[in-house]
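Here's the structure, in structure tokens; my notes come after.
Letters A, B and C name the chains as they come in the text, with residue numbers starting at 1 for each one.
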Amino acid sequence: MTDAGEEMYELVERLYPLCRSITGDGVRATLDIVGEYIPLQTYEVPTGTQVLDWTVPQEWNIRDAYIADSGGRRVVDFAESSLHVLGYSVPVSATMPLSELRAHLHTLPEHPGWVPYRTSYYKPEWGFCLAQETLDALPDGEYEVHIDSTLADGHLTYAEYVVPGEVPDEVIVSCHVCHPSLANDNLAGIAVATFLARELAQETPYYTYRFIYAPGTIGAITWLARNAERVDRVKHGLVLACAGDSGSLTYKRSRRGDAEIDRVMGHVLAASERPHQVNEFTPYGYDERQYCSPGFNLGVGSLSRTTYGGYPEYHTSADNLDFVSPKAMADTLAVCREAFGVLDRNRRYLNLSPYGEPQLGRRGLYDALGGRSDTKQAQMAMLWVLSLSDGEHSLLDVTERSGLPFDTVATAADALHGAGLIKA
Amino acid sequence: MTDAGEEMYELVERLYPLCRSITGDGVRATLDIVGEYIPLQTYEVPTGTQVLDWTVPQEWNIRDAYIADSGGRRVVDFAESSLHVLGYSVPVSATMPLSELRAHLHTLPEHPGWVPYRTSYYKPEWGFCLAQETLDALPDGEYEVHIDSTLADGHLTYAEYVVPGEVPDEVIVSCHVCHPSLANDNLAGIAVATFLARELAQETPYYTYRFIYAPGTIGAITWLARNAERVDRVKHGLVLACAGDSGSLTYKRSRRGDAEIDRVMGHVLAASERPHQVNEFTPYGYDERQYCSPGFNLGVGSLSRTTYGGYPEYHTSADNLDFVSPKAMADTLAVCREAFGVLDRNRRYLNLSPYGEPQLGRRGLYDALGGRSDTKQAQMAMLWVLSLSDGEHSLLDVTERSGLPFDTVATAADALHGAGLIKA
Amino acid sequence: MTDAGEEMYELVERLYPLCRSITGDGVRATLDIVGEYIPLQTYEVPTGTQVLDWTVPQEWNIRDAYIADSGGRRVVDFAESSLHVLGYSVPVSATMPLSELRAHLHTLPEHPGWVPYRTSYYKPEWGFCLAQETLDALPDGEYEVHIDSTLADGHLTYAEYVVPGEVPDEVIVSCHVCHPSLANDNLAGIAVATFLARELAQETPYYTYRFIYAPGTIGAITWLARNAERVDRVKHGLVLACAGDSGSLTYKRSRRGDAEIDRVMGHVLAASERPHQVNEFTPYGYDERQYCSPGFNLGVGSLSRTTYGGYPEYHTSADNLDFVSPKAMADTLAVCREAFGVLDRNRRYLNLSPYGEPQLGRRGLYDALGGRSDTKQAQMAMLWVLSLSDGEHSLLDVTERSGLPFDTVATAADALHGAGLIKA
């Protein structure tokens, strides 16, 4: 666990300096690094492609950007942090007084030492983000502004990795890859997804697990547009975001509110006795917005530690490598593993001997000595599975009704299945 | 608001002295005065008309009534208060000792200074209502009793006023007009209904609003009998009673319990942060009893301040002009306006772009600058309306799920409708 | 009531010494004694008969059993208590050292003075149950063990008593008769069932009541197997067990959870203001396990005072005649009577005059004098029955919605039925 945590943290460190956006070479470089851990399939979708109600935008790439004072000193420099430039800034090369420049500067007055993260994807703008302290220290006068960016026809890039399961029914795990140097949002999510994928690939899970690495909103929309015919295969899903901070876990339900993933995550979090929060769906957040849009309405929830907007460091330079930890990411990973473990074993069985109890004793499934007031959990679990296996109750239902651990219930179901008393 | 309150109070003052009952000239005089505010359509239904399980009774009119002592002094006098005579008293002219008279006298021993309100509509009786103090002061001896009333074939009178709306679907607002000099029950209800009608008539509401002024029970039954064929048009309704006392508002749900009016009133009262109570339906009360009888089962609730039987002054002479206030009636009126405002705008929309989120930005419906952690309420409202506009959720559902103000949600829906993204 | 309590206690005293098991003469002797109170129909089902998933076992009878020390002194003696022998012990006659004998001895170390109750129905074993104190006092050395039992083809015995009702729909009351000298479990249940039957037989109840006296598990399974074709007649049922201890009452819901018997028992216990507990169904317990198995899924709950395993005396020699009382059994009987009284009167009616309220006054069902703020419970009950008699609500629904006593509601329904205003 600690090892996985440390490895995930190393991955986050490697990805941190890259300037990601919704398109461009930063995304490609990110996916290349992830591809060292798991074999990714990358897709390039041309600018102008119609995707649902949207159009794939021009590709944005940036090489350099700075504000220099009259002495030529770079007072704001993209080379120091990818956050310094407004995402999707058009190129600019000009000299102007500070008074005119101010309209293009974004700061966070309430956190004067932090640099905000800002973008302007769909309206041509240029701008810089900087600390309020930096701005306050700038004397009036002329400044040179330079953004060496390209906004041109190109591609939107996303990637997938599929862990085949026993059945073609799919679980999707989706994380956004469009944010620049923000550690929790979403390098931690990328790292957890990647190690989850790597671990699942060691096994043959019941479901087929599809990992999606795509830019937020437009990426998920592109994936949905290109997979609209196959989306019925997606039975469950999880969006991973803000997965590495020190806060406790937060699960946000799917729009359905009672999808199986919602029940599984709620159960696993409660049963684990971790402090946690379960929130109802709202149409604001990460790409669950798209997966849960009413036309698709997939059973996709979202797992985070502290959620977007729930911490002051959100979308600022303070969401840095100190803000995430190996331990927190390892914990998020562990909960995902537990949840998918439950999801994979959660079945509805049918009791094939539903009239009266079947005689468990002669099948070696029951203690021979009667009269005792204690009954073993395993026997209780068998009675519960037999009682509720009417085709309407899943093992998770049995678990919740009985108060027994899911694993005990699932193991009892295996024994009954082995004895031919129930069928899936 | 205060002006309307004062005007309503003046109307109550004018109506207060009249001797109303379930039939007779007191009702006609009442409707004549209301008719000075809004153009009423009056209906006269002959005695003997079969109305559902009931028969329109004989019409009762009264000119004078008194008890006089042996010296000819009127010790109880109808001219002082219409409450002094038992409603529907048959005529009498006799002299009898107090001991014999007592069987015809109604008092309230627990409130010795108050005169009770009593009736005997369907059993021929005569009687007087008086203060226990008055009775206690009467010396033994002979008394002359005289009731100059007429109980004869005639009519039951009720009236309607219709404010036409955009659609023929109706909201009924019903108030009983059969009580004599009782201010809260129901002159305040009559006044609020009248000013509500007058204000709605200044606009074109979405629904057609039908105001019904009818005697309690038999009047509502008569209206239902005569409108049985058209009752399907009634989609919502409100009975107004006890609308002017100083207590907080009480809404009583329809028999359905979850009719749209129930949800709207519950929402408006809660959102207004007024102290208030919401009660479940009971088959006792005012004319919601008839509108909600199981055969009709209309979505009709009842709005009161303090409800029947909930205050000691109920059905006594203490329910007088001091018991109601302009401020309380203005407050009841304001809540009705708010509720009908919500009802009128509450629609179920269908998202016409339900696969993924539509791109609000290019339609000018969304902030261009991304990355900020605060999102404006208006944008959140649009996302909520889009998410829940699946034909199953009304804007009130959206309001309750989102926690946003109804007006914000409805305004967002208007914007989305204007952009062609949703349809009603 | 006290008389019935005393009589039930006497019955328990008579049954207490008998050595009952799932088959054998102890059951027959028990049923013979019960047959002195009510005319039982006894059934004998041959060994080897296939019953659902089970087979009727060999019949077990026992005449004598003891452990004697080297001096011939009986240190454990079946003649003292039927608990001393492991139920269904195979015969044995041997001498062995204590060290070897120990494997066949059952004690309760945590209650050193008590003898446990143990059985081995389906695995051929022999054994003795004794107090830990007794065992501790035994010196090492040789002991003679002797069990004079027979395990041979024979019969399983159960009995029924039917109280015919107005309708063939049945209520079953089932109690297990397989436990040896345990007073609360289940002689108290047998006694309550017997007196309940005797009292119901004095009347003509609405439902037909079938009392079933059968050995636990295999007996209920045998009854179900032999009545599978007729089981649809069983509309409601109650398993009686542990009915005589000093604890408060516990009702365990049927597997359905909302069967009519569940609602009736819940209502009666709550309305009686007795301290009590209502538990959800679990697939462990008494013969509700079989009646509620998913194939049958009957509306059968279970009434106990303290439930199995809920008291340390459970399945030990401390569940003796001091552990049960006339008062407790009388109380259990009274609750059964109340519950079946409600069940028998609980109907769904249809309001035949559902459009507006019917005029109760002219039918003599309503106070003539109007205007009073108090309304009698009986009148309120009539309004509630009329309002909810739409074919979907039972009188118990009316009771719960109105908050009125069930008896008031049922009496109002009788009056309305008599007046032709409702039909069943």
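As a working rule, contacts are C-beta pairs under 8 Å (C-beta built on N, C-alpha and C of every residue); 3 or more make two chains touch, one makes a residue touch a chain.
These numbers come from a predicted model, not from an experiment.
Peer 1: Pick same or different for copies chain B and chain C, depending on whether their interface residues overlap by over half.
Peer 2: The interface of chain B with chain C is built from mostly unshared positions.
Peer 1: If I superpose chain A onto chain C using their CA atoms, what angle of rotation comes out, to the nearest 5 degrees?
Peer 2: 120
Peer 1: Can you compute the centre-to-centre distance for chain B and chain C, using the mean CA position of each chain? Integer Å is fine.
Peer 2: Taking the mean C-alpha position of each chain, the two centres sit 55 Å apart.
Peer 1: Can you list the chain C residues in contact with two or more other chains?
Peer 2: Residues of chain C touching two or more partner chains: there are none.
Peer 1: Per the contact definition, I'd like the list of chain A residues that touch chain B in the complex.
Peer 2: Touch residues, chain A against chain B: 52-54, 87, 116-123, 125, 217, 220-221, 224-225, 228, 255, 280, 282-284, 289-290, 292-297, 308-309, 314-315.
Peer 1: For chain B, which residues count as touching chain A in their complex?
Peer 2: Residue positions touching the partner: 351, 353-359, 361-362, 368-375, 380, 383-384, 386-390, 401-402.
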